[in-house]
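The same chain A turns up in both complexes below, where it pairs with chain B and then with chain C.
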Partner chain A sequence: MADEDILSDDLLRQLMSVGETDILVGIHTHNNAKTIGRVVQAVREGLLKHFPRERVAILNVDGGSQDGTTDLVRAAAISDVGDATPFYALRTLHCISSQYDSVPSAGKAMHIVVAASDLLRVKACAIVAPESFEIQPDWMNRLLRPIYGEHYDFVAPVYSRQRFDGMLVTNLMYPMTRAVYGKPIREPRPGEFAFSDRLVSDLVGHELWNQDAGRLGPEVCFTVSALADDARIFQTFLGPKGHVDQGPADLVPALRQTVAPLFWSMEATFDWWNTIGVLQALPSDGPEYEVSMDPVHVDLTRLHQMFTSGVTDLQDVLRSIVSASTLAQLQSAATNEGNNFQYTDELWVKVVYEFAASYHRSVINRDHIIQALAPLYRGRAYAFLTENLKASKDELAMHIESLCQTFERQKPYLLELWTAQERGS
Partner chain B sequence: MGDMIVSELGQAWSEFARAFAHLLPRLLAVLIIAVVGWVIAYLIKIGLRSVLRLVKFDRLSERAGASRLLNTAALPSPSEVLSQLVFWIVWLSIGLAGVSFLGIPVLQQDIASILRFLPRLLVALVMLFLGLLAANFFARAALLAAVNSDLPSPHVLSDVVKVLIVVLTISMTFEELGLAEKTILIAFSLVFGSLMLGLAIAFGLGGRDLARQFLERRFSEDRARPRPEDHLSPL
Partner chain C sequence: MYDSNGDGIGDFRGLAQKLDYLRELGITAIWVMPFFPSPLRDDGYDISDYTSVHPNYGSLDDLKVFLDAARSRGIRVIIELVLNHTSDQHPWFQESRSSVDSPRRDWYVWSDTDTRYHGARIIFLDTEMSNWAWDPVSKAYYWHRFFSHQPDLNYDNPAVREEMWNVMKFWLELGVDGFRLDAVPYLVEREGTSCENLPETHAVIKELRRRLDEDFPGRMLLAEANQWPADLRAYFGDGDEFHMAFHFPLMPRMFMGLKLEDRKPITEILQQTPAIPDPCQWCLFLRNHDELTLEMVTDMERDYMYDEYAHDKGMRLNLGIRRRLAPLLDNDRRRIELMNGMLFSLPGTPVMYYGDEIGMGDNIFLGDRNGVRTPMQWDGGWNAGFSAADPESLYAALILNPVYGYQAVNVASQKRLQHSLLSWTRRLLQVRKSTPIFSRGSIEFLYPANHRVLAYVRKLGRETVLVVNNLSASAQAVELDLSEFKGNILVEMFGRNIFPRIGELPYLLTLGPYQFYWFRLRRI
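Here is the complex of A and B:
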């Protein structure tokens, strides 16, 4: 779809009435009535406090909410923040709301925000997740200041999490992105992030918007684009990340939103990442790893059972994705439980790399490859939990660092698998 | 009497010789058509094979699961199978068209009906191929969905999906070929009906508790309450 076509006539009229803008904050909503009021108010307060002189706009892109989300956005945007805080706007803070007429799609919403940023010639654009009920007004400054004031191109967040929250991020997304692209981005699939006009012009006509990966996980594609574009990246500590209600049944959508876009992005950026060897530190403004040690309630037995039954039932599917030796190791792991359970870092990295290469070669339908990873991730989660249930914060950080190093050490294996087909083997 | 026999034999022989002389050039023409047809079909096969390799047809088939089906049946690669199929259809069509030059009325009628049947055969084969691909694809999709939703007996679900699509495909193929349409339709209705009835009875009798639990989970307030492992978000 052409970039001018992504903006509806109504939205175009609203944007044209706003005119050229310095800062834009995009919020994609779909039935977020529970949290959206708080989020918009915090964004508004943060913008008034930290950017009183800039031309600022909030753009809400809604995917057809039925719970009054858009009304709440409008109400929160016009509520008088001055009553509660001592901050007043020196310029009009515009709040634009637009509904797109199709099924909810993160990619489409993000494409609209990028196209709007391009049209308004914004210097810095931030994306805020509508379910971030822990958001603070200060987040606006932390996300936008490095771009607006210090000329960075991409600002990624660092959150404080419950120690076992986001295991897909700590066990796959973070270590793999770090190993492949050589930069330690803690949140490759950020809920909140910001980017410069330079990235906007690179992304506005990007092919990712026409791909499933871009439609489902634009955040990951954004991060990888920034990494492969050699953009100036900054990491900012935002504080606690609100809990997202995602359980085992939501694991497959989570994999589609994260792992699939990462694998897809690796294809387009192969020429960039295949030569990267040395890890480069990223500038940041706070702790790079922060966890709370609250007690966790996990049904380990069920996690193990779902791994075991997954390996058994999907044997034929897995045979076409992973190597015979990896499958044998997985089958062997599935026979043990508790202290005898052997799902080492090496095995997990091998599994992930073989899945990435099979995705690249499209050995079977790509979505089926992503779905087949779910039980193997559950096995990894079970292993990680049993190993670290009693670990301290430092020990946990050490284990994650060790996993990252295993990913980095085995990168030649990924390259070998990746280029095997091109070499005809 | 003897002269008569000799004269009749001579007449018969001269008629045979005349008919043979009449047929020989046509037979030669048929042979030439067959050879030229073979060359044309062979060239088409080579061209098609190159095009299929260029568009990476084997890779597409591999993704769709067709290659595995062909491997199971000990057949060569999908591009090879398709180009061979086209070769035989083209050669057979040209050859049969050539045979009709012989001018034998009975043969001409049969050849005309075979030529009319060939496009239907091709469509039926394509339908069968696509149907088997679809069966493979949806069976795998059902298996993955069932495993990830922690449903009991995911292989049974996957096999049921596969059998249904295969049965539907076969019945459609036979209908396209015009072979035993009614029998196939009745057989399909019987298989499909009995399968559905069997599933309904099995679910109703054997899975009463499961159905109750499922409905409770689906519609009661318990659904909103997360299970212990739900406290951990993967993201």
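Here is the complex of A and C:
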């Protein structure tokens, strides 16, 4: 898709005024008035403190907010127009905002940011989530300095999380990308990340923007692109991410935004990852894993119920996705709960790999495959929670590491499944 | 400027011979550096006799010849006068230090300790440790805000004030049109203050101004006060102190705005600049005989300026940068033109430094500020046409390098070329002088969304001029809100070409790198 279709005339006019820019911070919003003020202030403060001489701009791409979100972003601009701001700045700091003409879409917003970065010849671009209310000004330095000052291509975050926050990441996204691509990216679907002009050049005309995967989970596609492009990757520790509650009802959309883009990206990058063997460490500036041990309140019974009913209700669908032995193990697991519940790492990895291969082969509608993963993930979550409810921080880390190793150990099985179709099996 | 007697030093008779060049250039006044007898330890700002001419530059008669020649060409002459201090070689100081009972003892500021007025900053940080110096003759400390060989006069003493008025009267009677009064904020000291801009200092100036207006109407006072605009404003008083004052804080911000490609530093400082009484005027400048002073900028701005304009430590002096205009701008003709375009279109009287009209270079290997005080480059011949002396005996060394040397950069060659910097500068002055709007008109900034474009409207009576400057090294498009002037056409003032009529929509202009436009708005 050409840039002129992505950028509205209004945004183009604003970009003309911004002109060539060293650093761009993109924020995708949709009715984020509660948190965006805090986020934009922290971004501005960080940019002024850490990049006082650079040409910087904040680009807000909005999905049609009705709550004044865009006004809050624009108000953060520092210029010679209107009232003086309390902040001292050598130069103008543009905060521009543009609403795109479609339903809210992370992919559309990201594509706009990438296209704008390309047009403005941005050297380093950071993406910040609008709900990151724990953002600190220092995040700008941590995200952007490795790219602007040290010529990395991609900076991924490491957050300090509540111990069971982000289980989809710790139980699937992280161990799977690590196994497949050989690099331990802790947050394959980052809320905050940064990338270089080189990645922008590679991605601005990329096919991903035309795909559901790119539209729904561009962050994952971005991460995988960096991995498969052999980009110089850096991990930066940002501290607490802030917990946004996601009930079970949010799981399927979450899978569409994470797992589906990962599976899609694996297809596009198979030639690269099928040869990856040894795990490569990534440079970083802080701990790679940090959790807080706050008490958690999870409805384990409900999780288990959703797993068992899912395995039963989706039996026919699952039969077309996973192998008979895997289905049998799942059905067996569904008959037990509590200490008798058996949903081992090996079984979970097998499930995920078989889903990935089935997605690749499109054995049924791909979105149905993703939806069918939901109850199985809930079962895995139930198992993980019951096993680790009393685990210490170190034990938790050890269990996650063990899961990663299982993913890595079973990678040949994934390759076997993946290539079976190509071999005509 | 020019050495008429071949002794290697420029002089008044030589200057008189070059007045036709200056008139052709289009200037209206000359500001002459200190020419008084002096030990010359601070380029003449250490005066040892206020009512005579240093023999290096000629005699009083030579000065009269020069003044008459200037007047006959319609050029006014402003001379430098250092009120704040004298040389330590001045007879007044010699007398003052000789005894505590000397009648001139109280003409200077003496103390038994060096702890008084500790709220006053040290200006020449590179060379001075204190504002007090021990005098072994007098066995006491004397106050000096500048070099220790420049003791400050005591303006609390009525005899000093009277004597300095007598000095001014002497020169006014001789025919000078005004004074550029050096270092005026420091005339009076008071305990517990910064000893700058004190009400007592303003009282001294008001008294001098009153006497000037009474006895010599039509003559003027120009302030050298390196201060923030709000502090500078006080030097205009109610139109009863200085007629003019240099706008020091604007100058570095013009350079900053250019390097940042952002109008913000320029518009901000002009927004902070208070209105001044009607008969008064700002003096704007890009460069002068001193370093590009960075006193009136923040620490962050100073660091930026040093990094961008004086990466070589040898380019730095005190809190400033000792370089000429052309080298500061990498000898980029487009940037030199843009900076001059702004200088000549912003509100105020533009002041050019000799040689900048041809793009002369500097020599940072000469000490102090001597690197920007080298001989005027008249032609490519012997001593750049400045002097018939042996080159070794020149007061200041010539610029010899291949880029800025006198064989490459000189008046004679640029006079022959229609598109030389000299010819362009002459044209700039012509256009500037084609309307009084630039000197007396109001200013309104337009604030287009494109921050690389500095645009403003000057108005005087029924006349309106639009100025648009592209501070960027790349071409820019800009939309200007000219709805107030709907129906007007734009006439570009240099080529007199017509641009489209202003309509309903924002007025779209495109500008090449560092390009600027001056448009006269006309309703036809």
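We adopt the following convention: the second predicted complex is superposed on the first by the 413 of 425 C-alpha atoms of A that agree within 3 Å, B and C clash if a C-alpha of one lies under 4 Å from a C-alpha of the other, contacts with A are read in each partner's own complex, and residues count from 1 in each chain.
In this text, contacts are C-beta pairs under 8 Å (C-beta built on N, C-alpha and C of every residue); 3 or more make two chains touch, one makes a residue touch a chain.
Nothing here was measured: the structure is a model prediction, and the numbers come from that model.
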Partner chain in contact with A:368 - chain B first, chain C second, else both or neither: first
Contacts of A:14 with chain B and chain C, given as first, second, both or neither: second
First (chain B), second (chain C), both or neither touched by A:309: first
Partner chain(s) touched by A:377 [first = chain B, second = chain C, both, neither]: first
Chain A residues touched by each partner, larger count belonging to chain B or chain C: B
Touching partner for A:252 - first (chain B), second (chain C), both, neither: first
Touching partner for A:91 - first (chain B), second (chain C), both, neither: second
Which superposed partner A:34 touches (first chain B, second chain C, both, neither): neither
Overlapping contact positions on chain A, where the chain C interface meets the chain B interface: none
Contact footprint of chain C on chain A as seen in their complex: 13-14, 16-17, 19-20, 52-53, 55, 79-81, 88-92, 94
Contact footprint of chain B on chain A as seen in their complex: 164-169, 189, 243-252, 254-255, 257-258, 296-299, 302-303, 306, 309-310, 313-314, 317, 320, 362-366, 368, 371-372, 374-375, 377, 381
Residue numbers on chain C that touch chain A, as the complex places them: 256, 260-265, 267-268, 271, 298, 300-301, 304, 445, 447-452, 472, 474, 476-479
Footprint of chain A on chain B - complex, ascending: 59, 62-65, 68, 137, 140-141, 143-150, 154-155, 226-235
